[in-house]
Amino acid sequence: MIDGFHDECGVAAVYGNSEASNHVYLSLYAFQHRGQESAGIASCFPGERFTSHRGRGLVSEVFDEKKLSELKGSIAIGHNRYSTSGKAILENAQPFSIEYARGRLSLAHNGNLVNSHHLRRELEQKGAIFRTTNDSEVLLHLIAHNRHDTFIDVLKSVFSRVRGAYSIVMTDSERVYGMRDPLGIRPLILGELEEGLVLVSESCALDLMGASFVREVNPGELIVIDGKGYESIELLPVPGNTAHCIFEFIYFARPDSYQFGSYVHDVRKELGRTLAREDSTEADVVIPVPDSGIVPTLGYSQESGVPFEMGLIRNHYVGRTFIEPRQSIRHFGVKIKLNPVRSIIEGKRVIVIDDSIVRGTTSRKIIKMIRDCGAKEVHMRIAAPPTICPCFYGVDTPTRTELIAHNHTLDQIRTYITADTLQYLSHEGMFASAKGGKEMFCSACFDGDYPVPFDEHCHMQD
Amino acid sequence: MIDGFHDECGVAAVYGNSEASNHVYLSLYAFQHRGQESAGIASCFPGERFTSHRGRGLVSEVFDEKKLSELKGSIAIGHNRYSTSGKAILENAQPFSIEYARGRLSLAHNGNLVNSHHLRRELEQKGAIFRTTNDSEVLLHLIAHNRHDTFIDVLKSVFSRVRGAYSIVMTDSERVYGMRDPLGIRPLILGELEEGLVLVSESCALDLMGASFVREVNPGELIVIDGKGYESIELLPVPGNTAHCIFEFIYFARPDSYQFGSYVHDVRKELGRTLAREDSTEADVVIPVPDSGIVPTLGYSQESGVPFEMGLIRNHYVGRTFIEPRQSIRHFGVKIKLNPVRSIIEGKRVIVIDDSIVRGTTSRKIIKMIRDCGAKEVHMRIAAPPTICPCFYGVDTPTRTELIAHNHTLDQIRTYITADTLQYLSHEGMFASAKGGKEMFCSACFDGDYPVPFDEHCHMQD
Amino acid sequence: MIDGFHDECGVAAVYGNSEASNHVYLSLYAFQHRGQESAGIASCFPGERFTSHRGRGLVSEVFDEKKLSELKGSIAIGHNRYSTSGKAILENAQPFSIEYARGRLSLAHNGNLVNSHHLRRELEQKGAIFRTTNDSEVLLHLIAHNRHDTFIDVLKSVFSRVRGAYSIVMTDSERVYGMRDPLGIRPLILGELEEGLVLVSESCALDLMGASFVREVNPGELIVIDGKGYESIELLPVPGNTAHCIFEFIYFARPDSYQFGSYVHDVRKELGRTLAREDSTEADVVIPVPDSGIVPTLGYSQESGVPFEMGLIRNHYVGRTFIEPRQSIRHFGVKIKLNPVRSIIEGKRVIVIDDSIVRGTTSRKIIKMIRDCGAKEVHMRIAAPPTICPCFYGVDTPTRTELIAHNHTLDQIRTYITADTLQYLSHEGMFASAKGGKEMFCSACFDGDYPVPFDEHCHMQD
Amino acid sequence: MIDGFHDECGVAAVYGNSEASNHVYLSLYAFQHRGQESAGIASCFPGERFTSHRGRGLVSEVFDEKKLSELKGSIAIGHNRYSTSGKAILENAQPFSIEYARGRLSLAHNGNLVNSHHLRRELEQKGAIFRTTNDSEVLLHLIAHNRHDTFIDVLKSVFSRVRGAYSIVMTDSERVYGMRDPLGIRPLILGELEEGLVLVSESCALDLMGASFVREVNPGELIVIDGKGYESIELLPVPGNTAHCIFEFIYFARPDSYQFGSYVHDVRKELGRTLAREDSTEADVVIPVPDSGIVPTLGYSQESGVPFEMGLIRNHYVGRTFIEPRQSIRHFGVKIKLNPVRSIIEGKRVIVIDDSIVRGTTSRKIIKMIRDCGAKEVHMRIAAPPTICPCFYGVDTPTRTELIAHNHTLDQIRTYITADTLQYLSHEGMFASAKGGKEMFCSACFDGDYPVPFDEHCHMQD
């Protein structure tokens, strides 16, 4: 039972570097937090066949020196994946590589198409066969069925039919392509190596590779990279607004990444400052739920003057196979990850700050933990508004009814999580912190205003 | 460097048994010799989704109790695969399962299509994308693109376009289908369990499952199995002749299997008897190259009166990762598999019988081994005619020029392998032993008469 | 090349709980930071044979549900191990279980004996054979060779001969024993479960198990646990002073643990406060080297008023098999673990706080990283005095000459690490922060005053 | 439930070869049949430390290229192990390597000591600790406790105290030692490489290594190998008789091995011939239970004139994890290994020859299988006398009461296995076939005359 929002993917591509797959590996490693269930890399020499390896687990588990050294060539693309579905993990692992009428194609996708169900039915009527439940397969079929002359026209035509969130890297073994949906929902960054160009989901990957930041790929833009450099093509016309996923700022992205025109750290800090400005609780100490709560809590502390302390210690050795005792000890839940520091909490009025309350079960356990350490008061603060709607643009969220804020009042939630007080950041506060408004961000999970319309009943979210 | 012919697949299907996948597992295990590189099973309850597991290695390595118990349902199909291509083994592993306009399909294929290259090009022009180099993917695309009303008509239409060798099992999650090409090149057997019906590549699988033999699926026949039993449909018109792969008798099939109207053991024994009749060499002992040479050598011994001895001992613990010493010891080759018994060989005139000489390197090493044990004379006898042509119907063979008998005289081969004398079975002897003639068998590897024409330059043999 | 100090072990024991091994597993998991190279558990029913499992890797990798469920019984002891020696990891993994004249014994050891080399030679002269280079084997031999009547007298006699640091848990399958050296160098805590008693290296394990803290095992004390509760026995006479490892406070222990009479967090915070008091650098921001630097940096910030920021982000997905690119990218070092946040650092006067400088290479890389982000000044502060001597009491440290502070002046170190200024905490400041002095702590790594004398040339440190 | 006798070990040692561990690997591989549960190799350069690797599984699974390449040095010893005890397999895996007063020692042992229980108690009284239940640990302790001046005198003294069966290879990192008990119960062969000398359990290993056969190590002999060649030392006085394990001829050894003065094949063939001479059953066909039954069946056929046929086909892909179906199919037993050939058996009077009947369950299933194929008569013949007593000299056998021949008459056994007739080889026939008598062989499993006396109640057989 997941009590959180989970990003579904990170993508990376390198063109024109003799260690292309090695750099893609570094990228996947840098944004491992975007997907920990599978990883994959496909590489090639220009004009030659793809070699690829995909596997379950962390990047450092999927690839060893031998496997990485087999991924030869100056072109490589890669993918990290998070998935809730326990099944067919390997089949769904990306990149997807195909041969078709026009030649070869390998593709990695971060996002979710809201009309893929419809497109898939249509493609099936034309004879398409599907081996996965993955959007990427729909895209590849659309490309293969398209009759336009040039590949660029094919892409323009295909993506004009596709609706949803996507940041995609792709190679036909000659060039590398990067494209982003017209609202720029998911991030995609262009960088430059000493030798060659790169596309990555998060800028922290550039730092690890030693690449310099060039710019963000624009919404609706197609970047084509070949031996002569990169070319910018208008893939699709863009509306006046954008719909950058504001949750990237709140939780997904690493604080050291830059995206949507800001440093993630700065926005996250400002979320905490603004939360403090909207709050006037008297307290002895403010503590974060680590790690995501640390930066907003610092902001809160600096703004409010309530001392910041590391009142909860996180065990970073949490593996995927923690075994709970059978009988005597129960309901471990958050305990295997977090442990409070008694001397910080005992006898204190404690403000605890998290980025969200999803189902409420985690917050409830954290507060119990803090109370058991002798806190006099526990005030829960969330550095974002209540999450009331699921995401259909590539984030794995519980269903609407599982979101506690969807059908409970603030006071009901407070009672459930046993906090003395509970306060969320205001919508205005959130937008102000992110230096934009509804015309710039997708905040559907907070307000239900979905920037790309869809038929919720038949959407396919794998 | 493979010095031998290798079958590429074994297939199995079970309908209407509460332990369907378990029985398919037993079948794959029984004909593990047909393919040791990967194994896979897909299963379902009638009308429901497939669960599947495919992996590299032997059946007993790919499946454990947990994995097998997850393959629930009363319908299951499975596949063993041998492949020379070291790459993409897992991607090419079968069964292949898809969703398409008509619903679901899972397919396992033994054989090789000689016009798949052409069909694939045609399908690509229609927008098909290919993720493997496998014939089965071509078949699935053909089915998905076909516009006939009923599934049976689709199959008739699709297989009328397909040329080559195929024994196929398939399920749409409602029924199980088994079909065989019009010449009956590869075997396919129908059997009956106490509960349910089965289709298997070799009858030895029926023995292990405790199933009774019903009959061979006929060339060009489509067997449809559902809750009411099985129905026979003429998939394709059949010519007067058949083209059963005679090499199945000579090497591939297990001696305890029944196929093409005979027990494999009986034909193999008769090959040895006939070889003896065509020979008049005086010798002290006749020894087989184990294991495949044992039965023909027994026949030779019984016919000729030359005493049969187990002069070569086979080490059955040969793993896939035998490590050869680096410097001092070289050219292990056959030594890790076979070791001669000095007391049988020393001072003797030895006849050694094998089923074929492919490149000649193995025979040369075996004869050296026998001579080093003090044999007075070494006479090599092959219980089949010279193999002069590659197979394009699902057997993995070296190229034409690598076949020593393709471009060398009998005496040149004899000199190369350092035998005192060398004799092959005659073509007539082979056909007589198999109780049929060229109108019944495909003997293309021995005579180049390919029963299904093809364009050798563009055929796709994965 | 390790640039740090590493603790070598954590131990745990449970008596009288129906899920004894499960609780030991939780303990090892809670103090996984004390040793990540191997883990082991031995368990038994009172008076019966031990079952044990030991393996390489993290606790969550070594044990799965099946293995843990096989470790039956109401008594269990366990061990985490860190080791620099790449060899014989499994052979050296603890607990060590033996049979000998008196019956059975299983032992897990945290610490290091400084006279084990000498004892081992003596035991060898008596006929003892050694299969490992481990102190624990020496202890077991000493026990087996000892001729005293009662087991308690044996232990008194044996440990009177042993010199060094040790916190040991042990079981003879009837009782559980816990003992600590007379100076109390390594920690050992007694706790109480709803059902049964426990001994653990760190109190954070009690929190995870849901056990209550009873007290620290005293220096020189032997705790004997059986069905009637626990008994305290004076194992050895204790001197007036203690020699608690002060580095446990500085780095090893988790901040949420309690030991040597204080909460680790509180001491660590005070180290930062004191550091600030001894410093008067003007700066715009103070940032920690995470994770160990966070708490002292908070203290520094609170005392000095310089704003605390998370200027370095740590990647927690660092695996054991990170693959560095071959050519173009070099000297990754700290980069795979840490990445700076440009918006915090750019144009700022930065104080960066770490717990120690060992070889200097890591600090040098961190400072380069910070400068590359545009810091105006970089001031390195260490929340402890310079580490000038190796540890011989169970901590894995570089040799004397590898310690940069051993043979370089402050200014030389500053130049090497390229800091604008460098300042360490004073010895007085450290002791004051830990609320004790040289009569309470071992500070040998900072001053070379070794509380237990030894012959450095022949000591055995595995 | 094991229905058979199992040898417990194979040993190998190489001195003076630059690829010593590689040659030991080849040896272990060649006599993999002597033990499939674990394998280990220890190697060293003269006078230096041992490197060793031991693991569960087949030689080809335990060692890969990397592991083997780490086992450097010109000296190596190795061990294959079979063990019934499911526990502590890895702890008990050999070679055992120790350090002790005299230096280093690594030892591998094939056999079983009948007084090890007694010796162990005695050693424990002297302070020895035991980590395994293995005889080899007893031997190492005896050596370490022995006070004689020279190592040769130590060995003489130690082995004069040890009773039982042993063929041992050992190295002190300077020399390689090979020794055999005074009755020569287990085999041990000396061979010569182009570079260096070798000791192996079976001569088939010499063939694979390309080593020449020098001679068998004599009973009671100690071979010491160093840079100058090998020296023979009388380890112990030998009696007039020997007690070579006759079951090595009947079942354990490979037919291509030479031991106890004969080729295994020749003895095994003669067992069949003699069996035929003692029999006068009329039959249409005689078939072996493969593989061990093949050679005696050939002998039987040649002597009797009853035609030899391969009536039972063995599946050599049997893995260690065959999964039996849960409900519908039961009692697989022998079926996964053997399948009859109907055309050989149907309507025939069949003689089936095996090497032994242990519990009777396997024979019963084989006969049922043959009858189900339509055999008119089934006559079971055993190419050895009834096995009525367990072995205490290194062979893993069921207990006395589990041996069907121990407490059942010939007719009772015949009835149980459902044979039409049953006949064993006579004791005289067995000895005559092996060209010796009771003064040469240990035939205790057939007659209960144990050549080395022991106290059955307290013997330790691990």
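In order of appearance the chains are A, B, C and D, and numbering begins at 1 in each one.
The rule is simple: a residue touches a chain if its C-beta (ideal position, glycine included) is under 8 Å from a C-beta of that chain, and two chains touch if they have at least 3 such contacts.
Keep in mind it's a predicted model, so treat the numbers as computed, not measured.
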With centres defined by CA atoms only, which chain is the most remote from chain D? A
Centroid distance [mean C-alpha coordinates] between chain C and chain A, Å: 36
With chain centres taken as the means of their Cα atoms, state the distance from chain A to chain D in Å. 60
Between chain D and chain C, distance of the C-alpha-averaged centres to the nearest whole Å: 49
Could you tell me which residues belong to chain B and also touch two or more other chains? none
Mind listing each pair of touching chains for me? A-B, A-C, B-D, C-D
What residues of chain A sit close enough to touch chain B in their complex? 51, 87, 90, 96-101, 105, 124-131, 140-141, 144-146
For chain C, which residues count as touching chain A in their complex? 17-19, 22-23, 25-26, 29-30, 32-33, 36, 58-61, 63-65, 68, 193-195, 204, 207-210, 254-256, 258, 263, 265-266, 291, 294-295, 298, 302, 307-310, 313, 315-323, 325-329, 335-336, 339-344
